[in-house]
Amino acid sequence: MTRKKQVLVIGFGKDHCTEVAYDAAYQVGLEIAKHGAILITGGLGGVMEAASRGAKDGGGFVIGIIPQDDKEMSNTYCDAVIATGIGFARDFVTAYSADAVIVIGGGAGTLIELSAAYQRKTPIVAVKGTGGVADRFVDEYIDDRELEKILSEDSPEKAVSRAISLTNLE
Amino acid sequence: MTRKKQVLVIGFGKDHCTEVAYDAAYQVGLEIAKHGAILITGGLGGVMEAASRGAKDGGGFVIGIIPQDDKEMSNTYCDAVIATGIGFARDFVTAYSADAVIVIGGGAGTLIELSAAYQRKTPIVAVKGTGGVADRFVDEYIDDRELEKILSEDSPEKAVSRAISLTNLE
Amino acid sequence: MTRKKQVLVIGFGKDHCTEVAYDAAYQVGLEIAKHGAILITGGLGGVMEAASRGAKDGGGFVIGIIPQDDKEMSNTYCDAVIATGIGFARDFVTAYSADAVIVIGGGAGTLIELSAAYQRKTPIVAVKGTGGVADRFVDEYIDDRELEKILSEDSPEKAVSRAISLTNLE
Amino acid sequence: MTRKKQVLVIGFGKDHCTEVAYDAAYQVGLEIAKHGAILITGGLGGVMEAASRGAKDGGGFVIGIIPQDDKEMSNTYCDAVIATGIGFARDFVTAYSADAVIVIGGGAGTLIELSAAYQRKTPIVAVKGTGGVADRFVDEYIDDRELEKILSEDSPEKAVSRAISLTNLE
């Protein structure tokens, strides 16, 4: 297997994304591209769009995995669009496709992706100060089974470096 | 539409279910049956099994919605088994099928079902003192959109009464 | 396990259902109820609705498993509604939940459910003369692996009797 | 939107793939790469593996969308692996992600993907002489709604050219 590392970025959707989170997501996307990794997102707005824009500006490759059955519903910064047609159950598809996860803000949907990644013991790094789920679960386990601690870093650069260093791929 | 109310019970799976949670779940299942509602669960062990046993002892009807594609993988207290074959993405199917949700303990999987129900603004009642997710999110919203508050009651009886009173069905 | 047999009825949706198929589906639903089995359908119109009406008139129990995330989208003849939210991928959920399948007419969606049931070697009986998929694949295998032959009968009564006699449940 | 065209190749799985189909799939993958399109497959063996090998030899980009929740289950010729965790319901994800579909042999699973693509009116081209589904449905519609005719060509080169010419993307 010679495939590149796949880093998933999750966080606020378009309906409640803050400027702080949007900017952090752009930087995270840019850094992922610089590291030569593939960016995976849920393919829609807010943090998903911002990270995709950053990765494109950094010359990276972006895969958007959307809930709808119509590829045209994705944001316009995707190199490839996976149209699942399974609604928000696609949160499992994004989570399972990640070698590592970066969390920027986020609400209930982000919490679902985070929990799904946790169940598979995938490395998760939150960007501190971006609000929502990213700040709520810092340095904690999701449940009493303590499968994988949610790590945190105070900058996009550090978060991406750490996430990539923790992947199982060589 | 003359269908009965469908109450979903979620919580600890078999691998980390406590005796307190198991007993509470049995009582919750029994109460749901007494109210003439249909019990829906994820069809496996722990809280899912306990609630199903209670509902059967109360003469109720139980539907287990399992991750596997083989109906034989369910617990033996189901009147009907829905074999989804979609893995833990079935957490969305249980959540969307609920007119109301009762939470008893629970870990990451429970948090996923809870978040999915929250996104649809389905009434959610936690049984206090059962640990895990049920105690962690009491009287809170899952995210800043404040779509639906997680309510709580200190007994199985009260939790079931309140959950059923909050359903939209007549 | 003391659960009842679960018989899935598949066929033409509302947009291209014939009167012949609708009438046959009603009779099939009625017979399933008389045999004391649970009727499972995709929960929408056409053959799904007709079979559900028949089963209700026969005093049976009907579970509708719909593509949408909103239970209100089902037809009004369901005793329980499973809202999957996974779109037409729910064709796998209906197929996997069946102890036996009855086919009445049907197009591409019916062919998907049929193929999914075939892959699990679930007994399948087509009602002859109802058109579409039911007449196209009679007494054939879906593919060269010959996992399970599509059987056929020339009346709803015989189709139901045969389907139920072929289930693995006692 | 500047994304490349996404061509899905479907057909026999590893358990019943013929040499004729395997060779045709390799050529199809090679041609897709030459046209600068992205190859999408179900990520496993047989036709999926052969097409992926061809695309890699042609310098193309391959995305494998697998049923499992573990990326390691894919074949080793993928540039990116989407691990859905939803079992064979992933047949809808592959179908919905396609701008065009090429069919090479194939059994029940192939028929499901074909039917899902048909429901969305996605262009479908079968490679003649490769057996199974590819030869069975040539120049036909899947059902009476006649949404999209299954086209055919007698060589991998022609099939790829035609499929790509029929996509809606510019």
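Per-chain residue numbering starts at 1, and chain names A, B, C and D are given in the order in which the chains are listed.
Keep this in mind: contacts are C-beta pairs under 8 Å (C-beta built on N, C-alpha and C of every residue); 3 or more make two chains touch, one makes a residue touch a chain.
Note that the coordinates shown come from a computational prediction; the quantities given were computed from them, not determined experimentally.
Where chain A touches chain B, over half of the residue numbers in use are shared by the two copies, so each contributes mostly the same positions. Contact count check for A-C and C-D (C-beta pairs in contact): higher for C-D.
Centre-to-centre, using mean CA coordinates, chain C is 29 Å away from chain D. Put simply, the C-alpha centre of chain A and that of chain C have 40 angstrom between them.
Those residues of chain D in touch with two or more other chains are numbered 69, 85-89, 92.
With chains as nodes and touching pairs as edges, the resulting graph is complete, every pair of chains being joined. Contacts from chain D toward chain A in the complex involve residues 1-4, 6, 38, 61, 63, 65, 69-72, 76, 78-86, 89, 92-93, 96-97, 99, 120. Note for the complex: chain D touches chain B at residues 69, 85-89. The touching residues of chain A, when paired with chain B in their complex, are 15-16, 86-89, 92, 106-109, 111-112, 115-116, 118-119, 131-133, 142-145, 147.
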